[in-house]
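Presented sequentially are two complexes of chain A, the first with chain B as partner and the second with chain C.
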Partner chain A sequence: MTEAVPLAPPRRLPVWWMILPAVVLLGGFLILPYASIVVMSFREASTSAVYGDGFTIGHYTEVITDPFVWGIVWRTVRTAAIVTLVTLLLGYPVAYHLARTRSRWASLLYICVISPLLVGLVVRTFAWLIILSNSGMANSALKAAGLIDRPILFLNTPLGVTIALIHVFLPFVILPLLGNLQAINPEVAMAGRSLGASRMRTFFKVTLPLSMPGIQAGAILVFVLSMSAYVTPAMLGGTKGRTMAVLVVQYLVDNFRWPAGAALAIFMAVLTVSIIVLYLRLTARAMRRLP
Partner chain B sequence: MITRRHLMASIGASALMLPLARRAMAQQPFVIPTYGGTWAKLWEETLVPEFTSATGIQSQIDVGLGKDFVSKIRAGGGAAPYSVFMGNENIAATLRAEGFFEPLDMSKIPNAANLYDGLINTGNNGLRAIVSPIGLAWRTDMIQTPPKAWTDLWENPEYAGQIGLYQIGNTGAQLFLRLAGRLFGSGDTDIDTAFTKIKELQPFTQASWSGEVAAQLMRGDVAIAPVDWTEILTLQDKGAPVEIIVPEEGVLSYEQSFNIVKTGPDKEAAHAYINFLLDPKIQSILADTFYVSPANREAVISEATSPRLPVQGEAMSKIIRFEWDNYIDVAAEVADRWNREIG
Partner chain C sequence: MTTLRLDRINKFYGTLHILKDIDLDIAQGEFISLLGPSGCGKTTTLRCIAGFEAVSGGSIAFGGRDMTRAMPEQRDLGMVFQSYALFPHMTVAENLSFGLEVRKIAPADRERRIAQTLEMVRLTGYEKRFPRELSGGQQQRVALARALVIEPAVLLLDEPLANLDASLRDDMRFFIRDLQQRVGITTIYVTHDQGEALVMSDRIVVMNRGVVEQCGSPREIYERPQSLMVADFIGQSNTLTGRVTGREGELYVIATEDGPLRTHGAPGLAGEVRVMVRPENIGTAPGDNTLRGRVVKTTYLGASCLLNIETAAGSRFTTHAPADSPLAPGSEVTMGFAAHKAWAFAA
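Right after this comes the complex of A and B.
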């Protein structure tokens, strides 16, 4: 009778091996670039080198105390807020319909929703450039309808940027909302209806509160994307519709002011995160109060 | 567990790999920075194969803007990705001041002997090999009185509210600003006067690049604007009602400055490439494709293109040039002021 040979215990990889990919990913693609930008934002400016040898907080002081910068910050935040609100108002009914429909055309509707994402951003923005020009389709249609005598200035204004961003970011609010609305059991709303609540009351008291996580996610996504959007404001906004992202690129690329541009970028990132934290707190508090 | 034997074997293998790695590096193609669109197409389809066939140097293009090349060279530090830089002279001046360039070895660029006056920088610190003059263009169906001089922009009330100008991030705006200083002030460094005069032209529409000016003219958003011949002749080819003149005071010009990058990997190839671009045959191809003015006196423009390019031969002296080495100290301040005061 042969003696059983005990199997060697499987070799276990150390635990830190498991988190190594995440550490490399975060460290290499997030922390290192950010750290580099933060360090650069404190370097002194120079006209004979990328930046000077010394360190300064001067770029931050300049950014924070400059009314010109605050004017563009206000325009950027206002544009992002309007885009977020309008995409929510336009996207919610679409997501609701898609979540509830049993139509055989549902897949066609899905394609319509994601269609803005199927074309390159530059191409989409060029299309808006043509539509919104003084002699473009929008002004021609308004003039033909007798609503205007002189063309509305869409291009080189925040209005043109807002319109184009709404189109570009609409799917980003519809898709999270759709997932959320599909997860809501329709019987919950039916229960409300069976207890005598009107359609409207059922929607506002049952469906809308339950879809708050989807609204929250979509709103954050669109707000962040609008705050950092570059191509659309750069192509349609001109100088009057210029946003922070455009200003940062101007500092970095046009004026070669890397330290000041880095300070501006960090300032913008901090501002965006602050607004989102505030929004999360407010919406979390509102959700707690829901029935 | 890593033993001493493993370690020695690894070091030995690495040492054996070094010559291979060096060889691989040496075989890396020469990187040519150029612009996108029709520029990249011409380089890929015609110029790169011609360059390889003429010199035996394998090369590949990297598409971007002059400012992108600046960022990459800066980011490269002691090991720039390019050996040659191409960009507008005012942009090249920034990198030159930062010590990224070295003077050209003119003995390796014999074609430079035939360049027009003013195209080689002092001390052989770069040369301009592609010249795109900027004139005054207008919509013939929107403007009754065609312009004759740059000063007409200020003096003819018909143009009010219909003017287009480059945005300050574009070299064209910096050229126009300095021109205004020269026309109305004490010289092209009289920035205060230049700003005062440009504000007198408001309201005007701004454009970030020449293609945008062309689109604004096509849409009728502007009726008159400074822009380069390349754009206007291309619009004319499409049947657009546009015309362009050499103003009485002279023309401005986008001049592509070519420089040797001090920390680039292949400066021999960089010199060969610059010499290749200055070849009369290549200059003729560039003129026929982009309607640029040949920089080489020996270049012959085709019969079809020649009558449409007024800035050639003796007329090359009509190009108004500015010194950029000192301007770069105030460039950021000027750009900031433009953003604040003009918008």
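Right after this comes the complex of A and C.
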């Protein structure tokens, strides 16, 4: 009879090894620079270096009490809110159609949805520059249709920035919604109809509440991206369409006021997070009942 | 009285002909099963009745009113889906309340009907639970209650037991049938499980490749199939091909490779036919019809023993023997069956 040899316990790979690369990347290239910006925002200004030796909260008080800054804050938040709302309204039907269609053209539509992501942002913004100019396609089309006499000023206004941002961020609301809607059993909506509810009622009572997680994900993503968008407002916004991100860069690059610019950037980040927390609080009721 | 009438329903998907001239009259309070293999068109038929699929031709009438083009919400029916399709963001009571609110039932009435229906499906006390907090069988009963609480004219069930485990499935068969008879609701039940269809239905509609193969009571379907597909799909069967050579009273005399057989059969048979005998109707003693063969294989089933037998002409039979049968592969056996236990139908 052979003696029973105790088996060595199976070696387990330590899981933390797998997250290490991501931790290094995030820690080294996001958290550390962010921390240094926070520190910088409390340093005194200097004319001969990036910042001086002493510490101050003066940049924050200056930023927060400046009505000019608040004007731009309001415009940025308003633009981001409008972009979020419009992308949701435009994106939801597309995502819904993509989630339910059995057409063989579905993959073509899917490619159309993500195609904006395949072209560089700067290139796309130049295209908008051409389309939205006073003698551009948008204005000539409106004029030819007899809707306007004088060209609408798209460029150097919040309107042009809003239109271009909606185009840029539409995929970011469609993709999370698509995943969410595909996970909803189509028979659930059929059950609503079989119980006597119209399409509309079934949508508002069943499908829409069930798609709240997708709406949340898409809305937060687009809102954050719109708040911090730089290229589009910088190229299309001019001074009247200027947003916070553009202002921060002006502080840093044009005025060479690094500590004040850092304070402005931190202020903007805190503001964005606050709005999202408020939004989550307000929508918590709708989310609570979902599995 | 006819509750539901399907008149020459046809359905195409592109060039695919999914349903071909489906005719069906369903009487008030009847339990009808649509039975067939997957892809036979039974679920499509149900969805046409429910209004989720538009028919390409023919008409659907509820209680004499044409509803062929009506929206699902206008048809006054309750439907139980294979996935149950409960509203996951609503409690059990809210799931039931949904259809009542649509019908603008007063809150007090609503509560009373919800309580009654939940009692009927033995789920009293579960009002505040969410579907995710219930077992599969309980979810199934909520789905049933949600469809019944609106007191529809017709109840549609789409393979409702397919996702339950075997023992629960057996219980639910009787539960659903019992409930249906107590409520007296006209019911259409889609299944691919012939056992379910046999024990639950007043009538079974056997479908295959988009056509109705046969429609009749469980007994008719099992004992008097009109085609090889029905004979094979419902229960086990032995079939032999043969040719009608004469009549003896109400019996046919049919010449087969294994000799002449006396059977009853569908009226007016002539020429090529098939003879069907169920395994449980074949004994090991000579009868009206006697065949000789050799045991090829025995399979112990617990309560009985399954014998595979081959005749001299090469026909294969399966039959049951007592579990303690001494027959072993290779033994010679005599098989006998009564003329009225064999059934002939057109080949």
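Here, the second predicted complex is superposed on the first by the 261 of 291 C-alpha atoms of A that agree within 3 Å, B and C clash if a C-alpha of one lies under 4 Å from a C-alpha of the other, contacts with A are read in each partner's own complex, and residues count from 1 in each chain.
By definition in this document, contacts are C-beta pairs under 8 Å (C-beta built on N, C-alpha and C of every residue); 3 or more make two chains touch, one makes a residue touch a chain.
These numbers were taken from a predicted model, which means no experiment stands behind them.
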| item | value |
| --- | --- |
| Chain C versus chain B on the shared chain A, clash or fit after superposition | fit |
| Partner chain in contact with A:Leu210 - chain B first, chain C second, else both or neither | second |
| Per-residue contact with chain A, leading partner among chain C and chain B | B |
| Partner chain in contact with A:Met190 - chain B first, chain C second, else both or neither | second |
| Chain B versus chain C as contact partner of A:Ala234, first or second or both or neither | first |
| Partner chain in contact with A:Arg201 - chain B first, chain C second, else both or neither | second |
| Which superposed partner A:Thr65 touches (first chain B, second chain C, both, neither) | neither |
| Apex chain A: angle to the C-alpha centres of chain B and chain C, given in degrees as a multiple of 10 | 150 |
| Contacts of A:Ser107 with chain B and chain C, given as first, second, both or neither | neither |
| Overlay on shared chain A, then closest C-alpha pair between chain B and chain C (Å) | 51 |
| Intersection of chain A interface sets (partners chain B, chain C) | none |
| Parts of chain A lying in touch with chain B, wherever the complex brings them together | 47-50, 68, 129, 133-136, 155-156, 234, 238-240, 247, 250, 252-258 |
| List of chain C residues in touch with chain A within their complex | 50-52, 71-73, 76-79, 81-83, 85-90, 98-99, 102-103, 130, 132, 146-147, 150, 156 |
| For the chain A and chain C complex, residues of the former touching the latter | 185, 187-188, 190-198, 201, 205-206, 209-210, 289-291 |
| Chain A contact footprint on chain B (complex, rising order) | 67-68, 70-71, 74, 94, 97-99, 167-169, 205-206, 208, 215, 219-221, 328-329, 331-332, 335-336, 339-340, 342-343 |
